[in-house]
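Note that the chains take the letters A, B and C in the order they are written out, and that residue 1 is the start of every chain.
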Amino acid sequence: MTRRLVRFLDERVGVAPLLRKGLRYVFPDHWSFMVGEIALYAFMILVATGIYLTLFYVPSHEQVVYHGGYGPLQGMEMTKAYQSVLDISFNIPAGLLIRQVHHWAADVFVAAIVLHALRIFFTGAFRKPREINYWIGITMLALALPEGFLGYSLADDLLSGMGLAIAYGVFLSIPVIGGFATFLGFGGELPGAPEFFSRMLVLHVLIIPVAIGALLTVHLMTIMRQHHTQFAGPGRTERNVVGTPMWPGYLLRSLGLLFAVAAVLFLLGGLVQVNPIWEWGPYHVYSGTNGAQPDWYLGWLIGGLRLMFPFEPHIAGYTLVPNPFWGGALFPLVVFGFLYLWPFIERRWITRDHGRHELLDRPRDNPTRTAVGAAVLAWVSIIFVVGSFDRLYLRLDVPYEGQVWFWRFAVIVVPVAIFFITRAVCRELKAGGTHPLRGWSGGVVARTASGGYAVQGEPAAKGDEREVAAHAPDGGNDAGDRA
Amino acid sequence: MSGLRRALTAIGRFAAFVLLFLIGRRRRGRPGRVSDEPPPVPGPHEREVPSGRRAETLVAAMLVVCGLCGGAFVALYFAYDDTQLLGLSLGLAFAALAAALVVAGKAVIPQETYTEEREDFGDEEVREEIESLVHEGGEGLSRRGMLLAAGGVAATGLGAAVVWPVASLGPSVGDRIRKTPWRAGRYLVDAEDRRILVDDLDVGSFMLAFPEGADKELLGSSINIVRLRPQELDLPRERAGWAVEGVVAYSRICTHAGCAVSLFRYPTYERTSSAPALVCPCHYSTFDPRRACKVVFGPAGRPLPQLPLRMDAARHLLAAGGYSGPPGPAYPRVRLQ
Amino acid sequence: MRRRRLLLRGLPALLCTAGAVYGFASAPAPAQPGAGGARAAGSAQAGRRLFLQGCASCHGDDARGIPSKAPSLHGAGAAAADFYLSTGRMPLENPQDQPRKSDPVYDRAQIDDLVAYVGSLGAGPPIPEVRPARGVLSEGLRAFTDSCAGCHQVVGRGGIATSVRVPDLLSASPKTIGEAVRVGPYVMPSFGEKQIDAPTLDSIARYLRYVRHPQDRGGWGIGHIGPIPEGMVTWLLALAALVLAIRFIGERTTE
């Protein structure tokens, strides 16, 4: 059977050598290398559930009166778009399950990308020869954010409408091209031209997912070409890759992960309610609700918008840069700019290292990179958390204005402090030589001046130390004693 | 009820069993972790064929569970469309399949550690060959500069032609953003299109209102009217006549990012609480309605535009003119007042 | 059927170890104050005695208020007195604090006496009669969104108005809701009969009774406040579970 299938394919497309190579493709074993796979599988589930939802969704601004399955909205005027999402949730069997799985999958997709990116950053996996793949990954993150935003904006409930209003405000605030670009997108003033929802739908179900899919393919093919990086360890060098081959070990594990992701998403989708659009009611330009929030992956932007000073430079009565630009547009541009430029910055000013790297750094191995990364992460995280301070005030009774004023300054001070603390800790650890949590044995392999590779200063494993200590009273040479 | 509880208990026991099984396997499978010996350097290809009858049974059992849960999903779909039960059955089916595959991957099939040599990218000779191939393509060209310039002209013209249809997507901004339906003499109506009497509002109340006969969804339509005590108003001198017996009107759309300003704070006793304010619930821009909606907190950069009011003989509220400034979120070059 | 639904709702809570998420997301459910209907009027004289003991230190012996401590109660009306006292918002220990919902200090009869006394000081909004059964649910949602959701959140979970906390409305009785709408306690605006008429008020009360247990077709409601608890579930539940899974699947490091 196998032979016949292989022969059939090989005689027609000549795939046997490729297949042989693929089956023996080696994946280095470390759990953190599978975070990206979570994102990959979440994306697959997003596509599958998304196709299902597209078959029922109606992208229309047309006003209708609701007579569907949800009591409190009976007789209300709403758009067809909102009505169709209500119908998916109430009238189509299993529709709500698929919708909730789709939403949770989007949340998990972006979360997994972020975690994956952090792993890549702090282990230096973006270094030569992997810069291009790193940029592709960052680009996919940059595409995932608007993709998710468009997805929940299509529902046209109160929450999503408020989100669109803010997006309108932020786009409008961009200097020079703001008004023009916004009107091209929205087709006019908020709430947009009649064809606005179709435009969002095309972006959401076609243009951005295809772009992500294409980048994903290139991302994976590049990995196949370059192989994974690996952590230093016995037998692992810059010249080889040690681990489980694709067939059969890794394939089964990876498929197991696919279904584990599906299991988590379907259990959440069935048991934990997400974005109950029927509870928010329809959106009108003049409606609002307290405590409105975007989905988590845009929380850093609402934080930026809320934290910003009321700074709006103007000349002779004309506004130059409207305020939403700072928190809503400039802030993400700076963060993504940092992510894109980091490989250059590091090579140019920090490591001056142009060599090829297949072995990963531990975070302490490059204290400056780790410290800069931790500081930027703290900066973004603080602003992210500030976005939900209104709820914090409600729960913990810390006055809102006070919090905002405090963090307007602390958001600069804290990351700077974190930079110095992290750098000091990394240097300390590096000098100490052992892992803070467990002993690490093995050598650091470095490229020698002559171009070869050698193991440098192999630190003693914990076990070895114990052994030495136990034998010390014997007088040193235990072999001699025993003899 | 009790049946379901029994079923859940059974599932829980099963999960615990699986967990214990897996944990037990792991402990036994990796004695080296606690030993004092340094780990062996793996050879180029290590292969260990397990003999796991128990694991095989477990995998088979999981696969059967997966199939049963899948079947349960289909049955539920027809019999009882409940999101929770549907999600539970499909989720457990996936979980069982995942467990089967992982157990198979770790305890049934051969465990291999493979070492592969990395390929060196790049062959200087090939690169040079490519370079010369590219350059040879332009052999015999005498007026390279002229051709390049002409090519640039073609690219610019055609590029512009290809990109230009994008402009049809939206109207030009022009004065649209400043346009509102408010004119002198336009009546104020409530959400149900009834005209509003001054006396409909008590001191300390606020109300969503619209221009009579206009589209409610325009950014320049909706307003908040609030009634304050006439003596606490502190409007600029040129707006002295814009309030009617303490009733003032401001655009409902926040000048920061376009949300609806739907909060109004009016203290019963200001000395022990906070001052009156209109607040936007998106980013908590806070405006003082007594002082022409000056920004007192939050990120908004300019006040909410005010609508001058007057009343007719029957004490109905109507607009005495247009807004004091452009309503809605700011855009570059917007006029402040 | 109903019991089964309840069990299913509870299931994720059992499965979930992140109790903190729930604690953050869901508002506490305090005891329901008895919905007081029309009752025998209290005695203004007895009320005055109680007033002198418990309220006069801030509101003054003549109930005309003491500057920087408390406002005059002449013209405050019966509804205001009943609202503040029966929700435990008054008496207030520190006059600078925001009054909070808590257990009432006085029993029902004492409150009736105090209400009669404050009502006798001058005309104010009377205690409205609110009958949620007469209301229309969708009408309630619409009116609530237009006039109330900006502060109280569209599902009545409360919020903030920059410097003050806005209470959730999960335990408010129809009478309390009606009194708050008419009186405008603390920094809340007041809405007269002409702005929110009696049928609309009934509808709002009906809607607020509904939002205590809205139709959570999707499962565990995680607090009904939108994306914040959703993000917590994403990271603390979903991603944590998946990271545990890959730690197990991918664990074969050479150590």
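Operating definition for what follows: a residue touches a chain if its C-beta (ideal position, glycine included) is under 8 Å from a C-beta of that chain, and two chains touch if they have at least 3 such contacts.
Keep in mind it's a predicted model, so treat the numbers as computed, not measured.
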| item | value |
| --- | --- |
| Most heavily contacting chain pair (counted by C-beta pairs in contact) | A-B |
| Relative to chain C, chain with the most remote C-alpha centre | A |
| Chain B and chain C, separation of their C-alpha mean positions in angstrom | 29 |
| For chain A paired with chain C, centre-to-centre distance based on mean C-alpha positions, whole Å | 38 |
| Centre distance in Å when chain A and chain B are each reduced to the mean of their C-alpha atoms | 15 |
| Residues of chain A touching at least two other chains | 29, 96, 100, 234-235, 242-244, 253, 256-257, 260, 264-265, 268, 270-271, 286-292, 390, 400-401, 441 |
| Where chain C touches two or more other chains, by residue | 8, 11, 142, 146, 149-151, 159-163, 217-219, 245, 248-249, 251-252, 254-255 |
| Multi-partner residues of chain B (each touching 2 or more other chains) | 39, 42, 83-85, 87-88, 98, 102, 105-106, 113, 208, 260-263, 281, 284, 297-298 |
| Residue ranges of chain C touching chain B (in the complex, touch as defined) | 3-4, 7-9, 11, 65, 67-71, 95-96, 98, 142, 146-147, 149-151, 159-164, 184-192, 194-195, 217-219, 245, 248-249, 251-252, 254-255 |
| Touch list for chain B against partner chain C, complex | 1, 4-5, 8, 22, 26, 32-33, 39, 42, 82-85, 87-88, 98, 102, 105-106, 113, 191, 197, 199-202, 204-208, 226, 260-269, 271-274, 277, 279, 281, 284, 286, 297-298 |
| Interfacial residue positions of chain C with respect to chain A in the complex | 8, 11-12, 15, 24, 137-138, 140-142, 145-146, 149-155, 157-163, 165-166, 207, 210, 214-222, 224-228, 230-231, 233-235, 237-239, 241-243, 245-255 |
| Residue ranges of chain A in contact with chain C within the complex | 29-35, 37-38, 70-76, 89-90, 96, 100, 104, 107-108, 111-112, 115, 158-159, 231, 233-236, 242-244, 253, 256-257, 260-261, 264-265, 268, 270-276, 278-281, 286-296, 299, 388, 390-391, 393-395, 397, 399-401, 438, 440-441 |
| Chain B residues touching chain A - in the complex, by the definition given at the top | 35-43, 77, 81, 83-88, 90-92, 94-95, 97-102, 104-106, 109-118, 121, 166-167, 169-173, 176-177, 208, 210, 216-219, 221-222, 252-254, 256-263, 280-285, 295, 297-302, 328-337 |
